[in-house]
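The following blocks contain the structures, represented as structure tokens.
Below, chain A partners chain B and then partners chain C, in two separate complexes.
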Partner chain A sequence: MIRRKLEENFFRVLMVLATILVTGSFFLIVGTILYRGVPFMTWDMVSKIPGGGFYIGKEGGVLNAIVGSLYVAGGATILGLFISIPVAIYINMYLGGRTWLANALRIAFDVLFGIPSIVYGAFGFLIMVYFGIRASLLGGIVAVTLLVIPILVRTLDEVIRTVPRELRDATSALGATRWETAKVVIRQIRPGVFTAILLSFGRAVGDVASVLFTAGFSDNIPTSLHQPTATLPLAIFFQLGSPVAEVQGRAYASALILTIIVLIITVLSSILAKQFSKNTSR
Partner chain B sequence: MTSLRLLKDKIYAKIMLIFTILSVAVVLVVGIGLYLKSVPVLNKLSLYTLLTSSVWKPLKGLFGFFPFIMGTLWVTGIAIIIALPLCLLTSFYITEYAPKRIKRILVPFVNLLSGIPPVIFGVWGVLFIVPLIQDHIAPHFVEFSTGYSVLAGGIVLAVMIFPLIVSIICEVLNTIPRDLKDASLALGATKWETIRKVSLRKAKPGIIAATVLAVSRAFGETIAVLMVCGNTAEVPHSVFDAGYPLPALIANNYGEMLSIPMYDSALMFAAFLLFIIILLFNIISRVILARLERRLAL
Partner chain C sequence: MTHNPHISIQHLNVQIGNQEILKDISINIPNKKVVSIIGPSGCGKTTLLKSLNRLFDDTADIKVSGKVLVDGEDIYAPDAEVTHIRKKMGLLSQRPYPLPMSIYDNIAYGPRIHGTRKKSELDEIVETQLKATGLWNEVKDRLNAPATRLSIGQQQRLCLARGLAVEPEIILGDESTSALDPVSTSIIEDLFIKLKEKYTIVLVTHILRQARRVSDYIIFVYMGQIIEFGPTEEVLLNPKQELTREYVKGYIS
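What follows is the complex of A and B.
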């Protein structure tokens, strides 16, 4: 009896320790980034492009990467939405949502979600070589769009599924076609669409393997789709290896900026998701 | 009027069908595209040579992927060995022991962790894990290590897959019927005994699915691992040796791959290999999970 009690307590302690380690790793990461990044955070960092070359120049900041990231992630999310809203509607409204085909499609998108970004990047690079496109903002946006479509589709799909069956039935009973019903449903899930946008943007803004081949890198802010662009993750990745302390500092500051952006997005999306689930449970 | 509306409905249906087919077909197109690109190297060297040779001399047209495959396996193996027990214990704590109040604090942090981008994990690895290994862990075991090792890669990867494993296992554990656990507890079993003999057994398919999914995520993770792994094309013999996983190989060499003959083909073969393995693993785990979900819906 005592042995069993001991065993119980032993594993309980082990579980608490494991939980502390798992959740604590978050603080360890954010703490490290804050500790190294804060000393380099100046107004210049977010308001100027790097001076004298991103790898050796000591002047300036990472505005090129911030703007580039917003362009790439924003462009990919918008492009992705145009594709994934119709797909999510099709799965739920036209395929009935619960048929085997709809479920097979869901698994397919889950599988797509699991494909690593380096494969999308390599594939995007292949396409660009094939069509003779140089590494550019456009290339980056296309590669990242491939990456975010599965996230958008699956999130929108989950959201549409929370719309009460009765609402759809009522619309159909009034003689609406499936497309007209879909329009009603879309109006109903607007906050959910916003959650999907945030999730997709969050993934897109932080990914580097997909833009490594496709977006190129530039010290300037791109003014057209065909110019190469920097992104924050690329700026971190490239500048961290520099022998110049100031440039390394730019990498730390970029890491801090990226972390802050991503954390804000994650918090916002979970708040939104919570509110949304409150709405539908009523 | 009605016919116009019906026509509209049909047109939109067709458009959406096309979008759906196109976006799912990405899997096929990626697979075929990568395969076609890797045909030249497959024609020159046999699949067996590619997978088992350790000679990596792109300039001489020799492409042996064995060191890279081993690098991937080492890093992934270490990550799973670290992450799985920790995540199991954490999931049990969250679902069975934690009071609601603590649970409400814990779960959001797991979510936040999953939102952190790979490159940040990489920076953390370089600034925290690598020095930790170099100064505090490695000296106890080997004479010298730079810290850039498969162990560093494994630890960083483990932290990256924490949220994935915890969230799936928690979900699976929550689906285990209350009655089963109550029956065990009523017979006098302790909570831990109930976990070990009832929950663990019942959750087995879900745990396997989560692990397979985590393995495939670890296989494909590029940047974070690349930054801490050392990247030397040799088979690692201890956890303190540097390794060179497949995704890192692709990411590091795309710049020069067009200037050396066959090099691009060899790298695309690496991407194809990754793609096929990850595709298989993903399909297996997703089918298991979908089946679990369906059984629950009934």
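What follows is the complex of A and C.
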């Protein structure tokens, strides 16, 4: 009896400790960013591109990187969705969902999911060299799209598998073709699509390695797909490496901006997911 | 009763993997009658029902042999068009699964995919079918509300109306009242009785009382085979087969 009670308490304490460790480090990270970043958080940071001498502590901001990151992450997520939704639908509705081929594809995407982003960056770079494209917004979007497709496909795949078989039977029984049924399934999974967008955008906006060679860096906001572009993670990386205290502070301010962008996307997609889950069938 | 059969099943065998689900089923289902399929769980009732509109086409490792003639056409013939076959039959599943759209769009969905685009025609279809299922007065003021806001019983009637909107000849019910409360159940049962004027109705049911109340004929299925087929009263009150007698008395379930 005493042994069972001890065991119960021991593991409960372990769980509490682990939870404290995780939430504690979360607040430490956010706290550090706020503590170091807020003093350098000026309106100029989000409204101006780097001026002359920005990297030795003179005036300017990181608007180039903010816009660049939104372009790259947004472009990659949208492009990725157009590729991933058909793949997820095909695996589940045309390959039967549980056949060996469907499972083989799932394993392939799981492997791709685990590949480090630098590999996608290097791969994207090779493609660019082959086609003679220089580091540019387009190159960045392509490399990041490769990075997010496995995330999108696997998330959407899981979501589609929760659609009741009977809902698909219902449209089939009305004489719908598979594609017409798929369209109803897509409506049904709209809340899940926003979750997938959130995961994909979050990964895309924070990744350095995939854009390092492919997107390049620029102090200007790109006006075409063929111009190089800055991204926030790279801007943070460059500024942190500076010996000037002012510039280092701005790195934390940039990290704060990045965190806020992710926060906005999180809140937005959960609101949209809730909105659209109102009329889905369970 | 074999005159003028609407559906004629001839030597139907269904196998999934190595398991025989249905064995040599042959039966004629009469026009504009209600036929109930009864039998213990796992006996193949639902498979028999789904074989009528080829709903298990997507199932892996399935083998079907034999013929199912609907209006004299073999639906398993190589050149049979599956969407055309399914359009002829409305399906009402165990629980209602409204499409993720409004009440109006749920009913308009079928006509739309089959080419009806005119708003006035769709309006008329929606109104007619909602009236046919007794929902019109309950929902006429909120046709654009999501279908999921309706109660389960209303949703099931909506699903019936959705099926009727594509002008089927046959209604298939797969334990269609098993998720419903007693009041909704009796509304659906009354609808079946009313609808047999226009449609041939095939129901799978667990509830003998329901089979007795709504059906003209009963098919008793056991271990993938038809044991007995005949008029409702005869099968339930005076079964010819020992197995049927045992099932009706509640000895096997």
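One rule holds for everything that comes next: the second predicted complex is superposed on the first by the 241 of 282 C-alpha atoms of A that agree within 3 Å, B and C clash if a C-alpha of one lies under 4 Å from a C-alpha of the other, contacts with A are read in each partner's own complex, and residues count from 1 in each chain.
As a working rule, a residue touches a chain if its C-beta (ideal position, glycine included) is under 8 Å from a C-beta of that chain, and two chains touch if they have at least 3 such contacts.
The shown structure was predicted, so the numbers you read here are calculated from the model rather than taken from an experiment.
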item: First (chain B), second (chain C), both or neither touched by A:236; value: first
item: Partner chain in contact with A:188 - chain B first, chain C second, else both or neither; value: second
item: More chain A residues in contact [chain B versus chain C]; value: B
item: Contacts of A:47 with chain B and chain C, given as first, second, both or neither; value: neither
item: Which of chain B and chain C A:96 touches, first, second, both or neither; value: second
item: First, second, both or neither for A:177, with chain B first and chain C second; value: both
item: Chain B versus chain C as contact partner of A:16, first or second or both or neither; value: first
item: Shared chain A surface residues [contacts with chain B and with chain C]; value: 177, 180
item: In the complex with chain C, residue positions of chain A that touch it; value: 96, 98-99, 164, 166-167, 169-177, 180, 184, 187-188, 190, 278-282
item: Complex interface listing, chain C residues touching chain A; value: 53, 55, 58, 60, 83-84, 86-87, 89-91, 93-95, 97-102, 109-110, 113-114, 146-148, 159, 162-163, 166, 172
item: Complex contact set, residues of chain A against chain B; value: 4-5, 7-8, 11-12, 14-19, 21-23, 25-26, 28-29, 32-33, 36, 83-84, 86-87, 89-91, 94, 103, 105-112, 114-123, 125-127, 129, 146, 149, 153, 177-180, 182, 202, 205-209, 212-213, 233, 236-237, 240, 251-252, 255, 258-259, 262-263, 265-267, 270
item: Partner chain A, residues of chain B touching it in the complex; value: 5-6, 8-9, 12-13, 15-17, 19-20, 22-24, 26-27, 29-30, 33-34, 37, 85-87, 89-90, 92-94, 97-98, 106, 108-113, 115-124, 126-128, 159, 162, 166, 190-193, 195, 213, 216-217, 219-223, 227, 247, 250-251, 254, 258, 267-268, 271, 274-275, 278-279, 281-283, 286-287, 290, 294
